[in-house]
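Got some structures for you, see below.
In the two complexes below, chain A is the common chain; its partner is chain B in one and chain C in the other.
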Partner chain A sequence: MYRYDEFDHDYVRARVSEFRDQTRRRIDGALTEDEYKPLRLMNGLYLQLHAYMLRVAIPYGTLNSRQMRTLAMIAERWDEGYGHFTTRQNIQYNWTKLTDVGDILDALADVEMHAIQTSGNTIRNVTADHFAGAAADEIEDPRPTAELIRQWSTAHPEFAFLPRKFKIAVTGSPNDRAVTKAHDIGLRMVLSDAGAPGYEVIVGGGLGRTPMIGKVIRDFLPKADLLPYLEAILRVYNLHGRRDNKYKARIKILVHETGIDDMRAQVEAEFERQMREEGGPLVAPDPEHVARIAAYFTPPAFAALPDRSEGLESAMAHDAALKTWVENNTSEHRAPGHAIVTVAIKGTGEAPGDATTAQMRVLADMGEKYSHDELRISHEQNVILPHVRKDDLPAVFSALRKAGLATANAGLITDIIACPGLDYCALATARSIPVAQDLSRRFAAPDRAKAIGNFTIKISGCINACGHHHVGHVGILGLEKSGIENYQITLGGDHTETMAVGERAGPGISAEEVGPAIERLVDAYLDRREGENERFIDTYRRVGADPFKEALYAA
Partner chain B sequence: MARTFKPQIVSANDLAIGDVVYMNSGGGWTRKLAEAAIAHTPEEGETLMGRAAPQQAKVVGPYLADVALDDDGRPFPTHFREKFRTRGPSTRPDLGKQSANPERREPLAASGGI
Partner chain C sequence: MPLITDTGFAPDDSPALIDMEALPDAGEGAALDLPLDADIAAIVPHFNRLALIVVPFPSFADGRGFSIARRLRALGYRGRLRAAGHVITDQYPFARFCGFDEVQISDILAERQPENLWLDAQGRAVPPFLKRKARGWT
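On to the complex of A and B.
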């Protein structure tokens, strides 16, 4: 993992001190809310429905056990005993007091964490594949790239006041687990014809009010050119992105209105101009610095093991629950005899992404004892133990089960993404958590969930789409209609490398109708699929939307 | 056609802890909607907002919200968003105003300790 250098430490401490002073002046009355609000947002502090919310960055979703324990301590000492893991690999505390925020930020700084640029019209926390450095299908670990971008983008003076927020995601695998095509910039590591690693650069993706699938602006970008090229994209956006209308200010609108070819020409011209600068581009990193960052992500010393664990096989033969969990919640690791564990932070009837203090501590213990002291937060609001020996899976399962963290639903219909919605969020137009909880209970039976197979439900409580509803196989969008919560259903979305934006099924339905409607839709899918391995999305693409619309509105 | 005026109250969030507060008849702030001052006319609403405006050292974002009145003349929210604000998260009855001990998050006060 990356470790702060002296500059990082000094910078974060200075920012905490500065924000502590700004907050003191707000409470003393020296600063008005209009003056203070942009300052608190730049430090991740929102005012929500019932309290302040602090959004803490977990860079590219990676953290160690000490950091997880600090997140737990903050929840226990200064919040209400839980935190909410988000679709941007962050954690949010929903009950922050203004008077505590300085102490919380200092506690975060103690473990090399902060909340800087988790809000505001800046480059936000860089996200990455949550299986980074562990996945068997990976070309290269994307985290050194993400860390390089984090360093370049943090407090970048030219990009502190962009037209709108800006999100970058990186994947090192052809199987896109980082939703790169729904980001302002998505980077997919690819190999050149000569076998050199570089990036496919995707620009102008995004969800929200106007969902757009990102477009390829550069097929292959050599790794060394990354920062000058990103700088070129940001400069074109900063210059031409609209500032007259916040709903049209994201780069996706600029790309759409400009056209990808014209956009590419402008970016390439700015890139070439930088490359011609005397001494090379200003932002081109020193190769020694790049190598130093990469060294922090050297893989752990994995034990040489046979891929098959006789101990695990024996345990599974006697424990059906363990077998189901291993089948659903582990993924192929690059090192033989190891597995990637997905810990579901969404037990039956629970709020997706909410973890208690006790659960966070168990996760920290699991990471320390069984996963080379590494944990990840996934955009699917789960926690990942990236490097677990297969021999240890029975012990991990047992410990997780005691903590209520062993729900075997990764990738299944109850592995639901949901934003906080109107239970917390000041922007929300309807609740999303209760809808997720209802669906979680309806499909809780493990055999039924397994029979349904891979099925993604994503729920947002407003058009801003923090719950990624556009790219769920089934998307649920909570709106207000005549003073009542109302839910629009979209079908056929896909968040992977074959990304698709879901199609609206028809008129919105009430909260009470959502659960029964989704049950009818699932039954319609099971009736029509060709074999157990045909996922809902495959059936949908084969037969079209009509039978599913009919099922949704059959009542 | 002119909109029929509905009774209104002024709501905001406490500066220090963010809790939902309402302006009372003395021009101060209460955490209970039942104690809120009620504007029965647009002019009374403007008067309440006029009292709220200079108080940004205590509260954030004051605004007028529609309410209805029960038989005893006490206000209750008409929009579901405002209903949630009077209670707390619908999924966590142990938190917010609806909890058994809503005062544990401290009353309105600009405390030090930052």
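On to the complex of A and C.
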């Protein structure tokens, strides 16, 4: 894992005192509320419906046990005993007091964490594949790239006042678990024909009220050119992105209105200009520095083990619950005899992504004891133990079960993404969490969920789409119609490398109707699928939307 | 309207500004009022006659000026470069990094954000990336 150097340490501390000073200047009137707001936001502090919310960055989703314990301590001491893991690998504290923020930021700095650029019209916390460094299908660990981007983008003097927020995601695997095509910039690590590592650069993706699938602006970018190229994209966007209408200010609108070919020409011209600059481009990183970052992500020394664990096999033979959990919640690891564990932070009837102080401490213990002191946060709002020996899975399962963290639903219908919705968020038009809770109860029976198979439901409480509803197999969008919550259903979305935006099924329905409608939809799918391995999305693509629309509105 | 540099507030000593249309006829030492949507490549041939370029900041939240400054410097402009309008003290180090020499603000803003705050702003934390750069790391 990356460790701060003296510059990181000094800077994060300095930002805490700077924020205290900014707040003082707001109070004494040197800063107006309008001027203070973006400064507050670029330090992660939002004003929500009931209180301030502090959003803490977990850069590229990686943290160690000590950091997780600090997150738990903050929840206990300064919040109401829990935190909310988000779809952008952050954690939010929903009940923050303004007077505590400086102390919280200091506590974060103690463990090399911060809340910088988790909000505002800035380059946001960079996200990456949550299986990075562990996945069997990986070309290269994306985190050294993500860390380089974190360093470059932190307080970048040119890009602190962009037209709108700017999100970058990186994946090192052909199987895209980082939703790169729905980001302002998505980077996919690829190999050139000659075998050199580089990136496919995707630009202009995004969800929100105008969902767009990102377009390839460069097929192959050599690794060394990454920062100058990013800088070129950001400069074109900063100069030409719309500032007259915040709903049209994201780069996806600029790409759409300019056209990808014209956009590419502008970016390449800007890039070329930098490459010709005296002394080379300002931000071209020194190869030694890049190597130093990469060294922090050297994989742990995995024990040489047979891939099959006899201990695990015999435990599973006697414990059906363990077997189900292992089948659903572990993924293939690159090292034989190891597995990647997905810990579901979405037990039956619970708010997706919410973890209590006690749960966070158990997770920290599990990471320390069984996963080389590493944990990850996934965009699906789950926690990952990336490097667990198969021999240890029974013990991990048992400890997680005691903490209420052993729901065996990774990738299944109850592995729901939901935004905080009207229960917390000032922008929301409807509640998301109660809808997620209702659905998680309806499909709680493990056998039924397993029979349904891979099925993604994603719920947003307003058109800003923080719950990724556009790319759920089933998307649920909560709106408000004459004072009453109304839910629009979309079908056929896909968040992976075969990304698709779901299509609206028909008119919105009431909150009480959502559960029964989804149950009918699932029954219609089970009736029509060809074999147990055909996922809902496959059946949908094969037979089209009509039978599912019919089922949704059958009542 | 005070001018702000690293040494604090100073009175405005600059010549009268010309606009883009007057640029082709501008003499040595002219001062250009650059619109935010100007084609920067078009003014490159006039760089050596310009003593000052003024980039407007209609709002502190409009960051286009920072990119314009970077581009002007990248294209070889070596004269004085000024950010003028709604710039706040927190942005001073950013402006300096991007290539501005000075900032000009309104008297009303200067009253709210007096000289000492602008001098303090120079002590702001330098982003780690730039510090590493200074050591040749990046």
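Criterion: the second predicted complex is superposed on the first by the 545 of 555 C-alpha atoms of A that agree within 3 Å, B and C clash if a C-alpha of one lies under 4 Å from a C-alpha of the other, contacts with A are read in each partner's own complex, and residues count from 1 in each chain.
Note that in this section a contact is a pair of C-beta atoms (placed from the backbone, for glycine too) under 8 Å apart; a residue touches a chain by one contact, two chains touch by 3 or more.
This structure is a prediction, so every number in the text was calculated from the model and none was measured.
Once the two complexes are overlaid on the shared chain, A:52 sits against chain B while remaining clear of chain C.
Of the two partner chains placed around the shared chain by superposition, chain B is the only one that A:99 touches, whereas chain C remains out of contact. Judged by the touch definition given at the top, the superposed model places A:238 against chain C, while chain B stays out of reach.
By the touch criterion defined above, A:29 reaches both chain B and chain C. Of the two partner chains, neither chain B nor chain C is touched by A:531.
When the two complexes are overlaid on their common chain A, residue A:431 makes contact with chain B while staying clear of chain C. Of the two partner chains placed around the shared chain by superposition, chain C is the only one that A:285 touches, whereas chain B remains out of contact.
Chain A residues in contact with chain B (one complex) as well as with chain C (other complex) are 29, 32. Residues of chain C that touch chain A in their complex: 60-64, 66-68, 70-71, 74-75, 88-91, 93-95, 97-98, 112-113, 117, 124-133, 136-138. Residues 13, 15-20, 56-57, 60-61, 78-81, 84-85, 88-92, 95-97, 105, 110-114 of chain B touch chain A in their complex. Note for the complex: chain A touches chain B at residues 20, 23-24, 26-29, 32-33, 47-52, 80, 94-99, 101-102, 351, 422-424, 431, 433-434, 437, 480, 483-485. Interface of chain A with chain C (complex): residues 5, 7-8, 10-11, 14-15, 18, 22, 25, 29-32, 35, 38-39, 121, 151-152, 154-162, 227, 235, 238-239, 243, 273-274, 277, 282-286, 288-289.
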